[in-house]
Amino acid sequence: MNRPGLLTACTAMLRRDLTLAWRRRGDIAMPVLYALIVTMLFPFALGPEDTLLQRIAGGVVLVTVLLAMLLALDAMFSSDIEDGSLEQLVMAPQPLALMLGMKILAHWITTALPLIVIAPLLAAMLHLPGAVIPVLLLALSLATPLLSLFGAVLVALTAGTRRSGMLLALMLLPLCVPAVIFAAGAVAAAQQGLPWLAPIIWLAAALVLAVVLAPLACAAALRIALDA
Amino acid sequence: MNRPGLLTACTAMLRRDLTLAWRRRGDIAMPVLYALIVTMLFPFALGPEDTLLQRIAGGVVLVTVLLAMLLALDAMFSSDIEDGSLEQLVMAPQPLALMLGMKILAHWITTALPLIVIAPLLAAMLHLPGAVIPVLLLALSLATPLLSLFGAVLVALTAGTRRSGMLLALMLLPLCVPAVIFAAGAVAAAQQGLPWLAPIIWLAAALVLAVVLAPLACAAALRIALDA
Amino acid sequence: MSAPQTFFTMGGYAAYVWPAYAVFFIVLIADTVAPRLRRRRVLRELRARLVRQQARQDRAGSNSIPTPPSP
Amino acid sequence: MTAANSTASLLEARALSFLRQDEPVFAPLDFQLRAGELALVEGDNGSGKTTLLRMLAGLLHVGEGELRWRGEPLQRDRCAGEILFLGHQLGLKADLSPCENLRIAAGLHGCRDGASVAAVLAEIGLRGYEDEPVRRLSAGQKKRAALARLLLLPATLWLLDEPYANLDRIGIALVNRILETHTAAGGAALVTSHGAVSFHGGEPRHIRMHA
Amino acid sequence: MTAANSTASLLEARALSFLRQDEPVFAPLDFQLRAGELALVEGDNGSGKTTLLRMLAGLLHVGEGELRWRGEPLQRDRCAGEILFLGHQLGLKADLSPCENLRIAAGLHGCRDGASVAAVLAEIGLRGYEDEPVRRLSAGQKKRAALARLLLLPATLWLLDEPYANLDRIGIALVNRILETHTAAGGAALVTSHGAVSFHGGEPRHIRMHA
Amino acid sequence: MSNWIPLWLHKLGSPPTFYRFAGALQPWAMTLALLLGAIALYGGLVLAPADYQQGDAYRIIFIHVPSAEMSMFIYAAMGVAAFIALVWRIKLAEVVAMESAPIGAAFTFITLVTGSLWGKPMWGTWWTWDARLTSELVLLFLYLGVIGLYHAFEDRRQGARAAAFLAIIGIINVPIVHFSVNWWNTLHQGSTINVFGQSKMSWDMLWPLLTMMLATKFYYAASLFRRARTDLLAMEGGKDWVRKIAADEAKP
């Protein structure tokens, strides 16, 4: 009888979620397409006026990316609960928080990463100046894991309830707003040629805290949610 | 043995879906909250500049509402497929198209109607002039059923597949674009004091066509999708 | 300007005309090549399937009687 | 096969098979089911019982061969409402109560004469659970709620896929009794099961599936 | 109850019950399970068998009474990895193949000495279906894929909720054989079932549930 | 007599017959396409004079317009095949419809790219959201949707039927693409070619264009035949005639 080490378990978990995502790779593309559609609809809805589009470009890209992530957040645990694999995970002889951390990582890789990759394209569609794009990417790569981590805790909390949708949105709102404000602040500052480091550092600090605490909170929340 | 009439069957169907929605009334609130969040995030992301917000208000509200609907579209048949109730519906001695029409109606009532109700609030948040709001509501109440009807056909088509998400978005895009163009055209015309009736009439014509044809198409598509 | 030179410069529009023609040919060549490759793959898979089926039939022939459930 | 024979038969399959990726799932089947008869579909796991039942229910198209309903080629709108299907998925909405689930079914299919939702639920052994959401029922109670449809809705042919699974001994006896009443009243049923059937209303027909 | 007795026992329940909305789901239970023993949990539909098993698995909190594991109060991290649970929901990902599903489980729980995924799948009767997505298996084949976990993973106590449902006769015999081997090797099992059990490794303990 | 056409269709519609028929015609179609294409290119790029307004940039027309026309023509052909596939469940029609889609998507893509490349010097922009351009983009999305839906199903024939359905729904877009220049006033050129009446184009420019249009038709036929043959092999994998081909081609 050979109990697997933490590393083995972590890779097994990560590989599992990535394989599953790959099997449904259409669903990975979903947030990306969604973001593309949103960004395409704006010129239609507002009229193709370059200066106007340029003025709102940074904000629209940020909001779009965060919304696209929100879209995919809801499904983080739902299929695992339905088919009983979450029960099996809870019963495995591995620290649940770590395993959930891997799930969150997989989720970030499959939803946020593709979004960050196409963010420059979205920005270009709205004529955002090229110089601002690195700042946009930096802001996104800090804000998106933050959202994934906090989102996971809330999704876990609402996992046992029947009306998760509304609760999730309601509770995520107070978390979204600061992230958007800091990220948009950095982008706007860069667009106006002002220093943009301060808001980025705030985001980074929050992220470090979240990486440590969120998986623990998530595990506790899930145990409560299953106990019905 | 007394076979129920069409009217009985229709009300049974409609009542069923409305009851289900009511049981999960949190989920009804989801698109509404989503739209609220999006609209709230814009001033944060763009800076609270009244003229700018006012300029983009109509477009943003339209896009937001349609996106919020898109969000809920995917789930139109999924739970019924999973628990086998769709099979039971297909086997019922009632015209499937009519029953699906009722499902679409219920879906519109539970997702689009709340959105239309709060649309004036969203518009006010972005300082859209009060005079334009009736046109916005008119445009929305024509564009949203159109989206529900066409969306239902596409959702039915992808019902048998495993990677529905992306496909759905891909196939809905061509349908969204004209609806947004016409609706936004009407709102923009009203905002500039120009005649706005022509695009509204186009939308209405399309809606009449869709009401007749979409349920039939939806039934045919579902029969194909279930046959696996 | 000599005739071949005007042909290649396209009256100053070479940067637009030639890429257009390049796209035309590249896309159509890809469209021609893709099914050829697919045909080869399909035939390979088909042969593999035949081998598998043969193996299954052999197996079914050798132990057609299932093990009886223990009483 | 004489003409008299084929008019009396409810359902008739001739060299019936289903193709998945151009390969037959089971060997061609020939069988006939008359009013008042029970047929047991037997076969190992994966032999195609569920596939056969879904095909008879009109959910899968007929692959090869022929299906006849009351002597004529089967058409969906001909037999609509005459066939009830109960599959591995029960077709109950988990957020609604058994009572509400049955009401909806009755709204679409109609009711048997004299049957009422409350009476049917009591008969199937769910008294006290009429208004509990199905989500909160035990596995066997869910199965009973699905079986209650058989008692409530009017239908001639029942297609039951493992109706005994998850039921306790009382439940199994109950299903056997229901089947007897149904066939005695001129109905027919096709049942798949791995054991547990005990039928006293005449010798059931056996349909063996070979993968 | 002597001290020697309680050290030998794997699992012990004392006046155990579970409360839902402050009402007990079943009458208080006292039982003991030693290594090498099989316990049958019996009771009608809705009598609380699933609830009991989920509580023993640590998925539900203990309502009232006490649960002891190897003589000491049960703590989740004490017995982690020693208990395997198989419920009504099988815990298989429908998009992955049986082979991939088992590999993941082995990655989390480890493997029995000498057991391999391919051998286990062959033993459980899924040869030829190793790489098919679980979604495309029949009901009984899915059940077998879930049961394969028992053969692959190391564990002392098995909690099996209706392991026989959906299986054919060969499958039922297979489960009985597996249970015998497990208990002979010093493992223990708690099994719920409505019939179908035939156990030759000694008299199974009976736990009767009363609602 | 009325039975003659369906019988003939059925005979041709049988996969092994069509496989042989398409195999015999395909090289001829391809040869004709290459020959006509070469003539048209020579006529268009070398013989035809420069346009007095657009200079040499107009020479993109010799691929832009044939591709644009094919993008719609193929969609219509796909729609007809899809209809036959849905109503009569003829396997060959499913194959023709599904294998037309990638060819049509290729031509639509070419139209979009060449149009953009033409638009930059003529209109000063790669892209505007005008009616013709947008509807052509929508056409591309429709093609992609059909292809995606086809491949999303595990069962080929089920996928073919679902995708055929989508193709039929999308057919409304074809007249919109064609008439968009008349219905809405757009930046894009209106009709300049009139086959029956007086064309607004000089014959020097017109004949290479018409020749190229013919060449693309033959290309479509050739490509479709080749694709359909492959698809039939994949679909009929269980049948003896396919096994024979598989075995025969393994030998050399």
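Just so it is clear, A, B, C, D, E and F label the chains in written order, and each chain counts residues from 1 on its own.
Criterion: a contact is a pair of C-beta atoms (placed from the backbone, for glycine too) under 8 Å apart; a residue touches a chain by one contact, two chains touch by 3 or more.
Just so it is clear, the model here is predicted, and its values are computed rather than measured.
Among the pairs B-D and D-F, the greater number of C-beta contacts is found at B-D. Among the remaining chains, E is positioned farthest from subunit F, on the basis of C-alpha centroids. Centroid to centroid, with C-alpha atoms defining each point, subunit B and subunit F lie 34 Å apart. Between subunit B and subunit E the centroid-to-centroid distance comes to 46 Å (mean Cα coordinates, whole Å). Centroids of subunit C and subunit F (each the mean of its C-alpha atoms) stand 19 Å apart. Subunit F has residues 148, 152, 154-155, 237 in contact with two or more other chains.
Residue positions 23-24, 162-164, 166-167, 170, 173, 177, 227-228 of subunit B each touch two or more of the other chains. Counting partner chains per residue, subunit E has residues 88, 95, 169-170, 172 touching two or more of them.
The touching residues of subunit D, counted against subunit B in their complex, run 57-61, 80-85, 87-96, 100, 103-113, 133, 154.
Contacts from subunit A toward subunit E in the complex involve residues 1-4, 8-9, 11-13, 15-16, 19-20, 23-24, 79, 82-85, 87-94, 99, 226-228. Subunit B meets subunit F in the complex at residues 153-154, 157-158, 160-164, 166-167, 170-171, 173-174, 177, 217, 220-221, 224-225, 227-228. Residues 155-156, 235-239 of subunit F are the ones touching subunit D in the complex.
Touching subunit F in their complex are the following residues of subunit D: 20-23.
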